[in-house]
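Given below, in the form of structure tokens, are the structures.
In what follows, chain A forms one complex with chain B and a second complex with chain C.
For the complex of A and B:
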């Protein structure tokens, strides 16, 4: 597989190294000449000292025959432009972008970036899993981001307490999937009755979060987006 | 010895021959065809390959006139310098001889290019660089 990596920071460097070790053909675009030379000295002549957000640089890197273009610079705007050019100008099959500001994720998705990697959101998720908060936690994106896996922490005040899953009027597009009680994960059945302390795993559409919060957590909770 | 198809190749060959002849050392004539990233490395580049073969044929014929045998070696690579260094390491070469055309950029500054500095920095063996003589004034 031929992969173009744009951005020679830590992520781009290790990504390129790993891909080469896995036997893939890789070219890395890094606009800072000194950094490009440094990487080239370490991993070989697979580095072009060019700005990957310029079409001519992508062309020189062989975007016309690339299987994947992955934009991992520290700049969301650059990453979006790179993926847009790769997709629409060079017809690259798959584009992957690093998104630093989680608020930009929906824009990237809307503009057709195939895969979005958000280190910020991943770390946020990890922190939230370790700290008991009475909130909806985003666990993972499914199916390219239209669906997500959400964890709801139920308290004694949650409207779902004492009710069975069959009794709950789940929002359109949300499905109860599993629950974790006393550290043990179990499938949700129609007769499953929820208790305070349960963690309920839901598969739902991203735009259903507020309605889901009302059903499982209660309206008093902060409804700000995750 | 690394050959690039320019007139300097004759000088490179002459110096490499002078070096190899007394010790009856093996002489390898290496020519690297640089393939840009728009093509796979194994792409068929007919015109380039023919030209590359011509470079090696000329070197072989010239060596024969000097009473030497050279082993021609044609490589395709993304970067000429890296390919020369890798091959020198693979062949466990004792000496690498390469040519440097005398070129200046607008304004008169000498241009050394990227291949020679790369080889200087990375080649595991002794490196000889044969620089072309300066062109005569008004030539």
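For the complex of A and C:
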């Protein structure tokens, strides 16, 4: 695959190195000349000292034949523009952006960035996994961004308790995928009856989260245990 | 009318002062409080220190639902992002981003953000001064998407500056 990486910070540097080792064709765009030269000395002549948000720089890097453009600079605004230029100016099929402000995720998605990687969200998710809240937990983006993998923690008060999965009115486009009970993962079948303490893994559309919360967790937002 | 300006540099401050003098409600944001020294002492609008590319900051400052939004920081990409937040999340109809790179200025007009490019304007003005034809680009690239469906084609619209298109709601 031919991948253009924009941003030669720590993420861009290691990403480029790994991609080369995996046998991919890579061009790295880094706008600071000194940093570009430094990386070039270490990993060879795959580095262009250009600003990847400029159309001419993407053209020089070969964006019109790139399979993937990934923007991993430390600035959200630069990553957005890089992906939008790649997508709309060079018809790149897959654009991947690093997003630092979690509030920007939906904006980026709405504006056409194919995949969004949010370190902030990932770390937040890791921390929240250790906190006993009966909330929905976002696990991963699927299928280019519209779908997500969600974990729902059921309590004894959850409306889903004692009902079979076939009884539950699931929001359209959402599927109960598996559940974890006593540390064991099991597939959800039509006759599966849920109990308090179950962790249910759901694949669903992002905009169905509220409906899912109503079905699985209930509207009562009792977070007093926090 | 209610106008939001992101970036209190020379252009932002001049525009803010002019709108304020004309009796409009102005909200201006900048990352640096010192930038507000550029505003005249008579300025009666609101100056907020904060990041104009952060949706939370814009919401808290009360930018939502304004009549016009001008993204005028020194960074092209910051202006592009602020403008798209204004259009998509703050539901502001008249949004203009200052973009100094002519290629990006044209590209984003195609993506629905009206853009103004200082580089093209200055170069064309200088060329005209010595009688050499310039780029012929409009001084403001109007958004080509859904935002302005009834606007005339770009070449015809180029003659009219942006403020003329903004509705005055009489709430001065």
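In this text, the second predicted complex is superposed on the first by the 221 of 226 C-alpha atoms of A that agree within 3 Å, B and C clash if a C-alpha of one lies under 4 Å from a C-alpha of the other, contacts with A are read in each partner's own complex, and residues count from 1 in each chain.
Criterion: contacts are C-beta pairs under 8 Å (C-beta built on N, C-alpha and C of every residue); 3 or more make two chains touch, one makes a residue touch a chain.
Note that the structure is predicted; figures quoted are calculated from it, not measured.
Asker: Mind checking the superposed model to see whether chain B and chain C fit together on chain A or clash?
Answerer: They fit side by side.
Asker: Just chain B (first), just chain C (second), both, or neither: which does A:64 touch?
Answerer: It touches chain B, and chain C stays clear.
Asker: So, does A:44 touch the first partner chain B, the second partner chain C, both, or neither?
Answerer: first
Asker: Specify the partner with more touching residues on chain A, choosing between chain B and chain C.
Answerer: Looking at chain B versus chain C, the one contacting more residues of chain A is C.
Asker: First (chain B), second (chain C), both or neither: which does A:184 touch?
Answerer: Neither partner.
Asker: Does chain B (first) or chain C (second) touch A:27, or do both, or does neither?
Answerer: Only chain B is touched by A:27; chain C is not.
Asker: Identify the partner contact of A:104: answer first if only chain B is touched, second if only chain C is, both if each is, neither if none is.
Answerer: In the superposed model, A:104 contacts chain C only, not chain B.
Asker: Roughly what angle, nearest 10 degrees, sits at the C-alpha centre of chain A between those of chain B and chain C?
Answerer: Between chain B and chain C, as viewed from chain A: 80 degrees.
Asker: Upon superposition of the two complexes, what minimum C-alpha distance (Å) separates chain B from chain C?
Answerer: 18
Asker: Once the complexes are superposed, what residues of chain A are shared between the chain B interface and the chain C interface?
Answerer: none
Asker: Using the touch definition from the top, list the residues of chain B that touch chain A in their complex.
Answerer: It is residues 36-41, 77-79, 81-82 of chain B that touch chain A.
Asker: In the complex, go through chain A and note every residue touching chain B.
Answerer: Those in contact with chain B are residues 2, 25, 27, 44-46, 48, 59-62, 64-65.
Asker: State the interface residues of chain C toward chain A in the complex, per the touch definition above.
Answerer: For this pair, the touching residues of chain C are 53-56, 75-78, 80-81, 84-85, 88-89, 101, 103-104, 107, 110-111.
Asker: What does chain A use to touch chain C in their complex?
Answerer: Contact set of chain A toward chain C: 53-56, 75-78, 80-81, 84-85, 88-89, 101, 103-104, 107, 110-111.
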